[in-house]
């Protein structure tokens, strides 16, 4: 922790970066902190409770500005950053990535290759919560799955916290705001909610890195992160990807293979 | 858009027999935004089109829906009619009431209701249509001809003679193709090489033709008028700029036992070789697979022999890029080989030959200098059997089609045999004799009557060897299925003509379609026989289906005319059904966020990057831009774009959404 | 409970459609219910919510003068889902209207004064209502000057009325197009509205200036007027914030403590000074 | 679900212009008969077919959907159908996870030469959907507001 | 206005009487790990172990999405069907916190400040609130700072203050409360004279509204908005859980020739909220939108409507994915 504070303070003091995105102690749990001077770097903390995916801020130009900035990125954030690189949303010369490896060492990752190399060492695993709910869903019949999700969807009031928290939802005008035609009705109702979440899952195929930010953000506790996570887990082997490791070019739905297998097209 | 005119066609009785067309017009006429709705016997007729034109003017229509046949038939007709009446042609749509409705359903209430729904759907679509302007693209007036057989030669010469440049690519070391392998040609029996080689030379010397032999198409990108071809020039290992074609290297080459492709395996050639004496270009290449130096790293005898030092061991394949405006595919055909006819002993018995091998044998330039001799012992066969339809018309062999040329060349072979072996006895087993063509039937009759060729109608079940003879067992169906058994000295199989190897891959490279037998598919079996579904790519010769020389030459000239017609324009007018990235007022400029995943999705590399800069030149954002020349309008990017920033003209989000909603909302 | 549902529109018949400029149309609307027509009143400056059934509602001012009874008019550009839906309607079609909403130009206070109307592009409609209102009560005012500009000649709206005003001896009419927007036979001015205003404006004394136009035009016209000696209470404009309800509830047009739909859309520059300029 | 003999399913077909649309034309030219339940919407390519259109179809009352295009390798645009295939693999999987009845979407490759396959496909799909019955489960939620159940959440 | 005592079993009997009367009863229920108002039939469904429900009771008088009117196009004409107030069922919101009940006042102020809102009023007329005063609070609660208190009766029709014996002090506050009590008058016993204050949680005020108001009147151009809002991700969670947030959108639901105009929740924090068709956005940045949220609640509403737009329920702080803690932020503004 001290190392991070020191390093952030130095980076800011020396003018290497104008902003360090990190975490501070919040009212209940750590929260994002925008450090713009070495003094506020003293507020920085970093531990296992720091789970916000700060990559969500990296595409907001009015926040990160035009100069080089640094971000403190646990592994989940790193995966998002990689995907953002692939999608042309970040440039290497503007971003400095700080992370703490399992041995507690502070690491600085500069290039996309650095990050990719580092991320490769980490396998993406289900946590206890994911395992529990997904295995419950696995055992359900189709009708039960439908009931389960309809019950969940009935709670959604379309605050779009899932969208806002997702680092990969950086569209300047989301499809739900497109009204010619109005693809998805903007009001909260089970169908419109369902359509929104199916749509979100489709947009995340081959992109979602299972950081879980959407699920964490949902104020009404819908396990929406599991939809995209399950898709990632199921589709990665289908299309020859490793879960949690973004493709270097394109994504699962923008590319194809001659021998993609399916059994349902007749 | 909401003064829509609806025109329902009876199509004689084709539609009106099962659909209550009056009711369709009546019900659709009551829709919001429909200003005029009528039905008429033949909408596509002159009076029918006049109705449309007059209504466009009278009612000031801003959209037209014609409920008639498939838009694949008459969409251009009605769009033109609208354009003539001053309505943008893209404000006209067709509802398919014939192929998709009246012809596939019985006369019933449901059928009429479906017809109403289909027309309503197109009315809702056309309300969302936007006037579109055709896209103009420049034309590169240079043609690429792939394949240097007679089709390619003819097409190249014809195009070149209209004053346009041609790039001719041939896979083998020489042009000439199958025709150069033939002995004489039916029905005139003139010498194939004698009529072909002057054309080959003309190609070599034509100032408008650039010839790449021993070369293959690597890739083709772009679109009609603007293709970029990458051509792989396979390493010949011989420097043609210095090589004199003296042939000394060929004589000294120690590797002499390679089966000659030109002679269909009957003769041999060396590792450094010219395929045949009249080859164009008449300079050798080294066959690296068989050359001692490339195999074992030592030999280089040819290099020592070469007076001018033309051997280039380290020569590598080279890729050249050519910009062309049109492509003629003339890659020809192939004949089925050994493993295909185990029942006829081909490949097992040396004296069972294919037609092509017999051609080589009968050719004065062939391995036997034109004498018919058994490959096994060199003895002149006294009894010879020709089996027509070897593979062709045999669904069990996967070739249900007729190879078309076999009847004729088998007659020719029998005739040539009789001319060369006067005391010989020839028998032809056939299924039917197909001799349609000028002087063809007469030619076959001549073989039967003048040259006493014995024609037996029936299939050969089996050919086997017994005591040095080939026993041909068959049935004579004209004699009531009587068993026939002939002891032959030689058997010649009129093997099926099949698509050239690699045609499937080539078709995929070129984005042209192909039929189940991998022959390239013409755009329309009757009316567009030389066009492919990909604009700017034309077909010539047997790559489309087996055909004889006059047909091939005719088709090649046809393709050449298509190319010349294309090149007669300085620019091309294309349908504007292409994708477009939205543009908005600042500060958003576009809803595109520049993830460029569409770039990887586009099959045509039509997505480009566009920088949006502020007044001070600073980069605001980079968004996708569609190159409308490259875009073919498949719409894959449209369905893929998460923010719906790309749309495709003619099938916009609003249009297809309106269609779907109309079908499902009562 | 027979409380009125604010959101329930009047049903209107489109009586007449005038194509003004590319994508711009004027609708003349008549109430389908005569009782509604009889009780309906509005004043210059007010606006309404116009609905295309099937697409939704959109906000425009009432472009006709309250002195012309029996109908209202609106002018709009086809830019979004609703305006495009409206644009596809034909004469005789039904559409919806809610209103009138918002405040009004204080015409009574302006009696005996000179009026200077300055409008740009598609912002002429709110002004048109006011201009006709003033012309119909011509005796109440002294000199009337109209400066109207558009990007190109093609973009000028109400062309026949522009001509009518031009021909009136009691109106000074100046039309202008942005440099490059003129046609060969263009007889009006060429130049941006603020520049032209500086050239043709009457003395600030006893004059009210009413400015309607795109934000950038307003931004550059205010200083010109100031330079000409106009005080803030002599300058009026209308704001066009995004609205949904039109009745101060939905929250969109809230600028500072004011709601454009209730406290506006007419504001004097003096009033505008009380709210943050960045939010309108 | 077997008492649906009177039930006429609403089926919408999303087809590509070059293969299936032309194949359906051939069905017509060949005068092969099939059920009237299916209505075709024409697209340039299966690659153009937006998954949202499928969702909207169910929401608007479709009981079944056919999606059909060129066989692999035969796409007029070379790879639109390969993109579509991936899209449908993923989409189908999401729908299944959410409990949407994926038996109601029939994907197929029908070439321009397969007029009879088109007729078969339509007839089979109509029979399949008929046996599944109306897609009330989905349409029920589509009508949610109509039922007046927007007071709090019940 | 009378105070009564109701025993533990009395509460249950009365609850059952309300259910039997046919009124819909919504109460906090623990399901899927969340406490929220749900339709209940039994008192034992009602949750007791919680501080605050995730969502407020706003939806009972301001549904998430509701039909303003419907229409049908027939032969070029349009037939309108107005919203029918009679279609709203009688509803009892059970075990509402005082801060929720207090939310109806600002909500109604917005809907009715100039021109009555027929729909909102129809819901209000059919909704009765049985509030329970608060015996506990958490660090997000601050009703006492915004004119409220754990035993605030504003907005409630009946307020119960739970007593250690399982019974409760029942304050019958309105005539509608009286009608509700009249469903089973026998269980309402005479007041035992116990002071309810003793059973309320002690929640000291954290800031002074006046002070905040004064500071805010000069704070429009302050840098505090940008500083506070940096981590805000611009979702609508705070607005949607808020008992007083009333921003809405009007949308169209079309099915062929039939359609409905729908009002649904919206949030001033959404980037597109104020976007003009021209592309101009008066509140382009999140900091502006955050400022709007705070100023609207704590400055504009008091000034224009005479009511503060916050009841101190703390839901926004609890719901915020990035810990935008309103108490912390308001306190810091007050202390500036």
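Residue numbering begins at 1 within each chain, and the chains themselves are lettered A, B, C, D and E in the order written.
We take it that a contact is a pair of C-beta atoms (placed from the backbone, for glycine too) under 8 Å apart; a residue touches a chain by one contact, two chains touch by 3 or more.
Source: prediction; values computed, not measured.
Shared touching chains for chain A and chain C?
The common neighbours are B, E.
Going only through chains that touch each other, what is the minimum step count from chain C to chain D?
Each step joins two touching chains, and the minimum needed here is 2.
Would you kindly say which chain has the C-alpha centre located farthest from the C-alpha centre of chain D?
Comparing chain centres, C lies farthest from chain D.
Suppose every chain is reduced to the average of its Cα atoms; which one is closest to the average of all protein Cα atoms?
Central chain: D.
Taking each chain's centre as the mean of its CA atoms, which one is farthest from the centre of chain E?
Centroid comparison gives B as the farthest chain from chain E.
Taking contacts as defined above, which has more of them, C-E or B-E?
C-E
At what distance in angstrom does the C-alpha mean of chain E lie from that of chain D?
Each chain's C-alpha centroid was found; their separation is 44 Å.
At what distance in angstrom does the C-alpha mean of chain B lie from that of chain A?
49
Between chain B and chain D, what's the gap in Å when you average each chain's C-alpha atoms?
33
What's the distance between the Cα centroids of chain B and chain C, rounded to whole Å?
64
In chain C, which residues are in touch with two or more of the other chains?
80
Where in chain E do residues touch at least two different other chains?
Within chain E, the residues that touch at least two other chains are 36, 64-65, 73, 76, 249, 251-255, 262, 278.
Multi-chain contacts only, two chains or more: what residues does chain B have there?
Those would be 588, 601, 640, 653, 657, 661, 665.
Which bits of chain B are touching chain C when the two form their complex?
Those residues of chain B that touch chain C are 1-3, 33, 127.
Quick check: in the complex, which residue numbers of chain E touch chain C?
Listed in rising order, the residues are 68-69, 71, 73, 76-78, 80, 82-83, 85, 110-111, 113-119, 121-122, 125, 220, 246-252, 254, 259, 261, 263, 266, 268, 273-278, 280, 282-283, 288, 292, 296, 299-300, 303-304.
Which stretch or stretches of chain A touch chain B in the complex?
For this pair, the touching residues of chain A are 87-89, 170-175, 178, 180-181, 183, 203, 249-251, 253-255.
Note which residues of chain A are touching chain E in the complex, please.
Where chain A meets chain E, its residues are 26-29, 31-34, 52, 56-57, 62-63, 151-152, 155, 157-161, 163-165, 173, 177, 182, 185-189, 213, 216-217, 219-221.
Which of the residues in chain C come into contact with chain B in the complex?
Residues 88-90 of chain C touch chain B in their complex.
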